[in-house]
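Just below sit the structures, each encoded as structure tokens.
Each of the next two complexes has chain A plus one other chain: chain B in the first, chain C in the second.
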Partner chain A sequence: MRPSPQASDTAVTTPDPRPRAGDDQPTAPSVLSAPIVQLLGIGKRFGAVRACEDVSLRVQAGEIHGLLGENGAGKSTLMKILLGLVVPDTGRILLRGEPATITDPSAAAAHGISMVHQHFSLVDRLSVWENVVLGDRGRVDRDRARTLVREVGRRYGLEVDPDACVEDLSTGQRQRVEIVKCLRRDPGVLILDEPTSVLTLEESRELFTVLRRVVADEGKAVILISHKLDEIVHATDRVTIMRQGRVVARRATADTDVRSLAREMVGRELSKWTAASAVGALDALIEPGTGEPTGGTALLDVREPAAAPAPDPRPPAGEVRLRISDAHASTTDRRPLLRGLTLEVRAGEILGLAGVEGNGQAALGDLLSSLLPLSAGRVEVCGAPVVAGRPGAMHAAGVGIVPEDRHVSGCVLDMSVAENLVLADLSSVTSKGLLSRRRMAARARQLIEEFEIATPSPDTPMRQLSGGNQQKVVLARELAAQPKVLVAAQPTRGLDIGAIEYMTERLHAAARSGIAVLLLSTELGEILTLSHRVAVIHRGAVVGEMDRADVDTERLGLLMGGQAA
Partner chain B sequence: MIDDLAMVLASSVRLTVPLAFAACGEYIAERAGTINISVEAMMLGGAFNAVWGASLTGSASFGLVFGMLAGLVIGFVHAQFSHRLSVNTYVVGLALNALVLGLTSFLLDSVDLTGHQVDALNIPVLSDLPLLGPVLFAHRWPAYLLVGVIPLVWWLVQRSRFGLELRAAGENPQSADVTGIDVRRRRRQSVLLCGVLAGLGGAYLAVGEVGAFNQNMTAGRGFVVIAAVIFGGWTLRGTMAGCLVFGAADAMRLALPALGVHLNSQLLIAAPYLLALLTMMFLAKTHRQPAALGAPFVRGIV
Partner chain C sequence: MTPTLISERAPAVAAPPADPRRRPRLADLGTPLLYAASLSTALVLAGLLIALVGQSPWDAASAMYDGSLADGAAIGQSIDQAAPLLLVAIGSVIAARAGIFNIGQEGQLLVGASVGAAIALFTPGPGPLVLILALLGAAVGGALWAAIAALLFYWRGVAVVISTLLLIFVANQAVSYAVNSPSLLREKAVAGQVTTSQTDMLAESVWLPRIGEYPDFNIGAGIFIALVLAVGTSVVLVRSRLGFRVRMLGLNPKAAHRAGVGAVLIGGGALLASGAFAGLAGGVMLTGSGHRMQDGFADNVGFDGLLVALVARDKPMLAVPVALFFGALRAGGGFLSATGVPRYIVAVVTALLVLATVFPAAYAEVRRRRTAGA
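Take a look at the complex of A and B:
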């Protein structure tokens, strides 16, 4: 579990022992100095899973270095190794040319490595300044901490009120706090893990402006982990591409483009819009917008010839299958979740509900899984009102749901595939209160075949299936119940490209067969690929709605950010 | 009439004091994320050990120290089991409560205990005030420790570095861990602190108020303490108010017959617990507990 013993050679200027031809020319000004971070031959296994294998990475001071790869390519593991949260099995870490062992986050902080986590490391009920000084040593000095927050905020353009309670802040502001928390320690290396997944377009632009300032003015290094090609192309100087735990390419960003990056990331040529949806290259879906680039860090001005095929011709408007009118709901401690949400989904169409994470999508998912009662408003399925919050009511009325987190509410990991496949519809395999294992197995075999679920046997525990196959089980179960309405919440989150393609096809097929499909997603690319109609959710209400053909990203972005447009 | 009132109020305060010590400890433990149900065991163990220590040394004041030590030992066992070995904290608490009840009952028969009681301290001048005097300024001396302990606990939790890390551990242990805080250690420390304070509370009950130990003498006061923390919505001020409410209910139980009001005595004994149940029913939903209260912390996926 310890780094390999070869660490005895301590030559400071040893070049990378395994140089790769032609791909290691740094573009940053500090070509001659030792790289600020150098990882050599890092390997890490989790049980049978190889998260990283022989990974080498060099990052120079003064550059934004992109780390690109699909979900599960090993990017996050690699950064956790650098941060001391995971101990590598093999390989060495050199910091400014010196070998280093990093055993825990505070050691990493001492070496000047700091990370902005994908799901923030903030404590909601503490104030901003308390969060910022958390993890320090010594006496707590409130006034100094406040001044510090203000100062760092001014220096980088990240103003935030030090006395505000973190739970009252918007997601964008929380990220500011997170970044202030990192920058105040004046780190040499700042790592950002998928920083824009919770931000609006506007907030993302601001973020990259700040990062550029950090790099240009202070000679820090930034490592940007992302699976979004757009971001990588616009915000980075160099990029390292990972696939299945290995580094497959290193490029200077200027010499590359979205298409070739996409090809290298997924390892094959993809149909234009599957790729675009999978990697978040919005401009491949939309004609380049006329948005003004802000200081060279605009997200959306790729001049790629864009053919944006509408997914399907708009189907004839069917009858309204799902109608939610003026729905209000709040948490047990009276924080509002839904504030007058109104929407309609018709038979045969896919309605994409776009929005930044945390604006009520989860509550809507809960509502349609009968987990959330309403304080006002009503839900109608096929014209008949359904009591919200009564267990099983939505399912009985014909609402199928592929929930946001399949591990929490989609399936039971320790039960078998067959059991999971019949869980929602036990009456079809029971008689007189007794479960017929024979009928259950027959039904499972049929669904496994129909939905191409890769499982050794119907009796395999769900836990042993890959994420994509678990999702197929959930989808198969819901579609087998022949729903009137299908709700898919983040259906492709955490899946590989193949599984994403599969889900995309299945959802289209479901719509074609006349089911009303409601797609909740925070990935705009996914929404644009799949939907016939797009609605935007903000702070628990639908704030705008448009046909797929009329979409323009600027307007969508503004709506998602809560500005009327 | 005024004498009756003074008597009831003074007895309320007297019965509140042991609860208040223990509740300070439970407040710390819960803010760090442990629902420490072994607070009952800590109080009972503290009470027994205080009398035993006083019998051995001949000094009731030394008895208080023995009581705190008993609480500390029980806290140590609880902390090691639940925040090092990751045993379910409720199971550990139930086991400790049963163990200490049995152990003290057994030892009560096998060791010689003599009655000891700490001295009363009447504050000059102030204790002569009408009504307020006997209620607030005529108690056994350890009761006045609360005047220091309560602000100290508040400062510790709300203003010190230790308290900041402790609150972070109770609200969001994953974030705290990523930030470089040893979550389990903070939680163990908070349970130890709870042990000392609950032990002191139990000891005060034994060598402060009663002057002797009898079987199961805390009789569920530990659970009343947990109710007081919930009643107070996990604030120290509210917790102390809760202790006062439950202390007063206990005092009424003793005072009503003396005042000539005749109620079913079993009902009176049950009254404080009924009150606790009622308040929990109304308050448990509106108050926000520490987000990770009762959730074990395992380092791992961030």
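Take a look at the complex of A and C:
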């Protein structure tokens, strides 16, 4: 059974993994006898935290192996052990049947193991070919490097211009450069860590096609780390599921479906909307009524719809809280960021702004964080104009924001949780210019409890909190300021399902309490789950708008791609 | 801590690298050893150097001791040397906490001292009042000198490190010109006497008061000014709203901007405050010990004060003992050069001792980054 219709027409042509052992794959029989990577009984503790316990993993050449689990399940630690970044306390590593000790990344590279990290390590100012040969020894041969980039690109369908400057590339193209960097060394094992978290649907599909070529043409193995069920189902041959540092299941992908994977990954049932959003099962969101026996609708059966906070498809007609009209802005070196962006958000509604990464979402987030001045146009909050770019102006006007990268403008990592909870509202804990420790602590305790922030104490440095809890601190602070408008930029990026569920509920609650919510996201699933209205941003302007009930993905896709529809 | 703070379904909080139980024990054992090792290395090298120029290392060591700690007068000398160092250091701490690296204290100190000298020499009035005016003037002078760097940075984006450093040379030339020009600060000609390039001696009524009499323990009032300001700065940085904003700006300028902290106002203000402290240090040196301006007046106090702040890791209260240590080094070094060891060797010896105190902290930082990076 196909897990979803998407698999057949769009994502990748999921090959049946079973004939792999047969004679159409000349390399397969010999490789099958000795898996290319075998981890046996791996254990690793960090102090009191057990990151991995008795984990075994078996990856065959010629397969895409999914490693599924929530954040903190131990996937990354396991891969760091394979890369020699972390030394395991117990267990053995076998590579092609031979015991191996991997003490550092260069040893891993010598064994043909190479990884594309979630965060790119590219030098923005250098060209693609320079980035690819960066770190090589000996003479730099430009022509050879360029040929190499083109050749690798041609072989795997990773077309990228070797002379382009990395800073001009889209996120998807940058990831291609990272993959080219790995593939040109002809590795036996290619590991990708959450590769689609920065990609659009289309780019993700292209990526999976590339990965399929890698394992098919070369007899290589790919390990795909992910917490998105849909892509595991679409892109992998076999999957190992981890939870809390242990392997809880191993499956042939063809024998499983999104629903059972979700249950094994989380260890409990999820509400349908969160689950659908988290795993990117778009069809479940678009056509909840159709009776197709797909993975998406199977998921819908998990719980009764009444249990889920489904958005009311009719946007509530509150007054306009945030109005941005004809906003123009550019970088200091005159590259345009916003080109006549116009939008309105009303009280009590969630407006989802969909778009491909790099089309002005970051600039819009900066604008609403007072970090970006406008060269033309205006911003009004509740009818009153706000000076863009003046320190603290947006906050003072009642615009709260959960920024895209909380480390940049959302929090101060080297201050305590309590301090981070009052950053912009110092006056509430100040008397005669002096801060009241007592009031600050009281406020922190109240917010920590209200927002379920897991922290050892209010005085813990922000840096020591997990990503999900840092996000909660930011959200708690912004909501505690009782904003008129709440902006959430990529609010669930990099979070696990539990945290996504939490964020989703909080945003709904904010809208219900009358706050105008603007959601900026590149994940269409998230937009469709949460929004009352959907707008599309392309090249720094809003190019289309529709009510949630009128959404069709075809038109959304065209708008996001910049074609008038 | 309190279990109520932890929500029940929360996963483990601490990221793996935070390993609160084992780290401190290792570090506690290693740090004193490291200090001992680097100090003895410095002492051995210093001894070798002194032996190389034909002096007895042992005599040199005892001269260092005699000059800084041996008796009341020597200890007073060390404390007097520490006062301007502490003032400069507090200023450096303020700027550093706001994320600005001011390294032009030497120049700000000089300009401050010159302004102070002009006020002290040419303002009529009762001594204590003129003294206070001179000290305030010195602070304003230092702040204005730093304001040039602030203006260049916020108006044209010139890096503060570069502008403050280069302004030292401008300050040197300007002050040198002032003390060489009869129409400005050069001492007034007295019949039958040749004038040199220095100012007149300040009237005794505008000298900083001293406690105690030579040869017993005696110190100037400068150290008290410095201590009061150190405590005040510490309180402001840690406890006040202004201090919170300064720290926020230094730790994350973007988050600070969003929260309404203006970089120009708070950051520029911190740079000016830093200059004011350096200028005040110059004023204290002028009214406390030298009593006149001349070439070479600053005598590296600006740079040494910057080092004090670095060693104290930008903590005002930690700067107090560090400044006292550096003050003792300066006092001992001065005494050592009086025993016939060449001045440049004295400078190298003090520099070695400074390096020895900075090294363990720097080494620990490098180690920390290495382990964090892995």
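In this section, the second predicted complex is superposed on the first by the 410 of 565 C-alpha atoms of A that agree within 3 Å, B and C clash if a C-alpha of one lies under 4 Å from a C-alpha of the other, contacts with A are read in each partner's own complex, and residues count from 1 in each chain.
Here, a residue touches a chain if its C-beta (ideal position, glycine included) is under 8 Å from a C-beta of that chain, and two chains touch if they have at least 3 such contacts.
Here the structure is a predicted model, which is why all the values come from computation and not from measurement.
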Message: Applying the document's definition of touch, where does A:135 land relative to chain B and chain C: first, second, both, or neither?
response: first
Message: Looking at A:109 after the superposition, I want to know if it touches chain B, chain C, both of them or none. Which is it: first, second, both, neither?
response: first
- prompt: If you stack the two complexes on chain A, which partner ends up touching A:85: first (chain B), second (chain C), both, or neither?
  reply: both
- prompt: Which chain makes contact with more of the residues of chain A, chain B or else chain C?
  reply: C
- prompt: Is A:123 in contact with chain B, with chain C, with both, or with neither (first, second, both, neither)?
  reply: first
Shared chain A surface residues [contacts with chain B and with chain C]: 85
Field: In the complex with chain C, residue positions of chain A that touch it
entry: 46-49, 51, 72, 77, 85, 369-371, 391-396, 401, 408-415, 419, 423-424, 426-427, 430, 433-435, 437, 445, 448-449, 452-458, 460, 464-466, 469, 498
Query: Within the complex, which stretch of chain B touches chain A?
result: 159-161, 164-165, 167-168, 171-172, 174-181, 285-286, 288, 290-291, 302
Task: Could you pull out which chain A residues touch chain B in their complex?
output: 80, 85, 104-106, 109, 117, 119-126, 130, 133-140, 332-333
- line: In their shared complex, chain A is touched by residues of chain C numbered 1-2, 4-7, 9-22, 239-242, 244-245, 247-248, 251-252, 254-263, 374
